[in-house]
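A, B, C and D are the chain letters, set down in written order, and residue numbers restart from 1 in every chain.
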Amino acid sequence: MSCVHSDAAGQMFAAGAPRVIVAGATGFAGALAAHLLWRHPRFELVTVTGRSEVGRRLDQLYPRYRVPLAIEQLSLDGLDRIDAAVVAYPHAAAAPTVGALRERGIRVIDLSADFRLASLDIYEQWYGEHPRPDLLGEAVYGLTELHRERITGAGIVANPGCYPTASLLGLAPLARAGLIADVVIDAKQGVSGAGRVFDDTTHFSMAGENILPYKVAEHRHTPEIEEQLALLRAAAGAIDEVAVLFQAHLVPVDQGELVDCYVTTTRPVGDSELGELLAAAYEHEPFVEVVGAPPGTRDVSETNFCRMFAKTDSHSGKVIVLSAIDNLWKGTSSQAVQNLNLMFGFPETEGLT
Amino acid sequence: MSCVHSDAAGQMFAAGAPRVIVAGATGFAGALAAHLLWRHPRFELVTVTGRSEVGRRLDQLYPRYRVPLAIEQLSLDGLDRIDAAVVAYPHAAAAPTVGALRERGIRVIDLSADFRLASLDIYEQWYGEHPRPDLLGEAVYGLTELHRERITGAGIVANPGCYPTASLLGLAPLARAGLIADVVIDAKQGVSGAGRVFDDTTHFSMAGENILPYKVAEHRHTPEIEEQLALLRAAAGAIDEVAVLFQAHLVPVDQGELVDCYVTTTRPVGDSELGELLAAAYEHEPFVEVVGAPPGTRDVSETNFCRMFAKTDSHSGKVIVLSAIDNLWKGTSSQAVQNLNLMFGFPETEGLT
Amino acid sequence: MSCVHSDAAGQMFAAGAPRVIVAGATGFAGALAAHLLWRHPRFELVTVTGRSEVGRRLDQLYPRYRVPLAIEQLSLDGLDRIDAAVVAYPHAAAAPTVGALRERGIRVIDLSADFRLASLDIYEQWYGEHPRPDLLGEAVYGLTELHRERITGAGIVANPGCYPTASLLGLAPLARAGLIADVVIDAKQGVSGAGRVFDDTTHFSMAGENILPYKVAEHRHTPEIEEQLALLRAAAGAIDEVAVLFQAHLVPVDQGELVDCYVTTTRPVGDSELGELLAAAYEHEPFVEVVGAPPGTRDVSETNFCRMFAKTDSHSGKVIVLSAIDNLWKGTSSQAVQNLNLMFGFPETEGLT
Amino acid sequence: MSCVHSDAAGQMFAAGAPRVIVAGATGFAGALAAHLLWRHPRFELVTVTGRSEVGRRLDQLYPRYRVPLAIEQLSLDGLDRIDAAVVAYPHAAAAPTVGALRERGIRVIDLSADFRLASLDIYEQWYGEHPRPDLLGEAVYGLTELHRERITGAGIVANPGCYPTASLLGLAPLARAGLIADVVIDAKQGVSGAGRVFDDTTHFSMAGENILPYKVAEHRHTPEIEEQLALLRAAAGAIDEVAVLFQAHLVPVDQGELVDCYVTTTRPVGDSELGELLAAAYEHEPFVEVVGAPPGTRDVSETNFCRMFAKTDSHSGKVIVLSAIDNLWKGTSSQAVQNLNLMFGFPETEGLT
């Protein structure tokens, strides 16, 4: 393939490939995004930045990712030839950088919560003051399967939270059909979901052999799920609100997330109708697999797949939708790459299979 | 302490101590029961039996339990001087042995499902034909905190399933107050819950790094929870039925179980009322701890404690009750010992703290 | 890429690609070989066979591998158009099948121990009677980095054991320089090394939270290491024998293997000489990484890399060589693919990075 | 038992029981020591102190230990009625506190390295300046089985490192018989060995699925093992030095430590002689179990036992001694209690079985 270049560090990419940076590559999400872009045949990863560990090579910090770039401090000068950026900062810290990048014409995938909520009120209720409310209108919610067309042309893609990704993919077919009267979501996630944070929660001797519920009745992913669910239901003409009860747990896996959605439906829904709804929604989706048996998170580990199973509980009449993803991949960084593929006109699966 | 004897194998127990056997000591539940009884100061563990591994010493099969008895085949002759038995057989296999032991006047703790359901119909719907329906009337459901008085005098104690133990302890205060209109139970358990069963589910390389839902909308613990819940609600005058949606998951811990109960209440229940209900129910219970923060299963690992936390979700109005136990201890074998203590007039906590 | 075909099941491979089967695809090693060949751009995986699970699809047994072929019984008829086979059978069971395949002109990678030892005597001492001693002369020991040239033209490649792979890569530079007077090898491996075998050793509740030495002073990989080591030392003119003390352990990881080689050298060897020896041996090797800090097995997880670190213990004068691989990848199945690449004239790294 | 008191917090202990404090109870070792002393029938745990987390209750920090004391700052005033202290500080930080406690007549178990080495030179070579060299002569090395008599009357007991505990118990019978010519020790330990330290080494997502060698050829436990080994060999008349090669590894277990000692003997030692040596050394030891099969660390988890197995490798002539302990129990805190029992004239096993 004569059109493929190899830079000094050994990266292989096509000539004229979009040049990308990852800002905040020292955390789990940023590091994985860098890894995926480094081995991607269509993007050139030119810089990785961090607010700590500057000067250290990323493959020293994350040996298994084998990205041999030194971590730099983000400099907004000299970004002239950069086409896109993945920003992996904490919420509130992300928005000013996203703004600065946009002002230089760079297209941004923001992994933080800063641009996920359309409603400024709800953002400020959960996260405090928004640093750049002026940009909210420009952002597209980056759950690929729900907003593919708008993502294609977006300047800012607000990459979804991992819990909303799994939850909304599971609920969308029912929501669009106007079938959701009430929903309880019970989510379980591996410790990587806490990020490269060092405390009693993430220490092996405390996270191991533990099943730990957290943020009971107060998880910040709740409004994100509700806002998107309202959009989906509105399309079916539903105007009443559905309050989502969302509860998260840490379990001793590294990467993996399972979401159980317990849906009270507006009318009885049998297994065959359920199967048809899911099939119709996802039969052409490259990364959503509707399966005939309960999915384990191992089935989707280190992939961009969401694996899904649904069943009616004949006993209670409720519908159970199970949705499994890798929280760092489809839940975060590989979905970011899926979105970048769309934004730059590449096949959506490029670099992801 | 001159009244304490030591037998040849080094066991310490009081003279005249009730003599106990464990039938089915090769499985996880039976082995732990043997371990707890071996080190118990008031019982004399005289025999452990198994349907496999006969002749092998139990401390070879389970080195950490250090019970130096050889595994024997159960012989119904020569049980004359036995006072009590713990039967750790699979359902349907247990009932005939329980019957034979009862006919010899031996008091039995049955760890199987055979005598947990009062309704023969429901038993047969979930488990098939019952081998000894004539004994159903004699059995007491062995969730200690709910049926303490009847257990004291019982000939057969049907030790509860681990999921019903955690679930019912969590739901009882609300059920007795007639506050439950609807309930979804999402349960997570360690791999020991599958027992000493060797298959793709329990292999380290498949159970590890996995979160696996199983028996979707068809777990056999559902009717057990429903039957007991109906009893509790009936005490509050509730006569309508509440269908329980129960969903179980395996996660990569060894011993540990967390149950999340999502309750739609019959009227709004605030956190303070909730706190009072739980405190009133459990303030004098030696093994139920109502705590002020979400409990992890590590907190109760290898103990007979159930640790509980409840909160109202102001958003949806539902009540969340979290209940953590060790599935093999309070969920099975240490609750069996707690019941044996009651049956023989010993302090309920003896040998368990 | 117009030259790439897609078969009915979605596999992508070049036209005229060698057609390969995996015999014994139900075990961990065979399944991974099938996965790697399925996604390989230059081979066409046409059949997977098993002695159990016939009729089941491989992606039901191993969902994460996504190989949608049904498991068949191996039929030696109808193999006319097959170019190569990976045989993943237990020792003694493999040799007859390898022979039958060879008689049909098929080139074979044998993952068993049947053709690893050149000495029939030593084979029979450790494994019993050899089913096909006539084929021993035809087999090449498949540690790629040591026998690359002979592998290229081989009819039978005896893929090495995982422990010998890591050990010999670590020891080869010292052995070739005639520096090894004595060696102790302490190896640690994840539970996948035990294979899809269901017993007390592999059950999560027994393998978890355990560090377990096994086969003390009697592991079958010892003679394999010794025979190859003798070959390497002979090249340096050493004719005396070095008895290898090899000790293996299971630890609670899934895939990963670390080997510590403690070498008493024939003369003092300092860190700089050590560094030069390793660099000279491996600087052009695509899959051996000599690194400046102790490698963890995570660094090479799910890769064909061997990561190596060596240091002289100034205190005792001994040399420590640490060698980390993924036991199922470089230790078994990806090394098989590396060898297949060589045998069919493809770049050695094809399908492996 | 009318002589048993219960204090306000529910602790049960005998009247007139020695009053003990734990200084540094926020770390893993101190917290476990507090747990063991709290439930000990003969000691009264009166105070737990910490340099952080002051004011928080220990059972909030370590829920499973259920010690309901608030963490205090250590005050050297008001220690008049204290009989003993367990000091769980880092090396160098411990010595001044140990000194201050001794000056108040308090008997001390020091868990740090400060008083383990008799040689000041060697201490300073590995740890830097010693804060209280004047106290070195007063300290007794607290490996109970080796120094029982001197521990009984000691003012300062230097509790051994966990690696030296397992290693020296394994090597002592051979050393005393003058049989050790050379030894390589390969040690594997769970993550709790790193303590309540928060970094890349202890994060679940990095420690999990990893086998990690560390401090290659430079672990501080080496001189501790060498010094004690020299004492044991000297008793057999051996005056030459044996340089110990010691190498440590972290594996993904919480608590557990396995040490493999590879011994080149001064003359051939067969399995029967080996068995007799170990039996003679340990047949009356309550906490050392010489067993007939390789011990896993699960066998001794959460116990004060050391389980040991030895075998001659007929191939190389070397002797392999395997020694398994729980690094936090026998390796640290329960050995501290074993020593306290001796110091106060209680049965050595009190509170430990």
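The rule is simple: a residue touches a chain if its C-beta (ideal position, glycine included) is under 8 Å from a C-beta of that chain, and two chains touch if they have at least 3 such contacts.
Source: prediction; values computed, not measured.
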By C-beta contact count, A-B versus A-D, the higher one is A-B
Could you pull out the chain whose C-alpha mean position is farthest off from that of subunit C? B
Using mean C-alpha positions as chain centres, tell me how far subunit A is from subunit B in Å, no decimals. 40
Suppose each chain is reduced to the average of its Cα coordinates; what separation in Å results between subunit A and subunit D? 46
Please output the residue numbers of subunit A that touch at least 2 other chains, ranges allowed. 190, 208-209, 252, 254-255, 295-296, 298, 301
Once bound in the complex, which stretches of subunit A touch subunit C? 1, 63-64, 209, 295-296, 298-303, 307
Name, in rising order, each residue of subunit D that touches subunit C in their complex. 182, 184, 186, 188, 190, 206, 208-214, 216-217, 222, 243-245, 247, 249, 251-258, 260, 262, 294-298, 301, 309, 311-318, 320, 322, 324
List the residues on subunit D that touch subunit A in their complex, please. 28, 61, 190-192, 196, 198-200, 202-205, 207-209, 252, 254-255
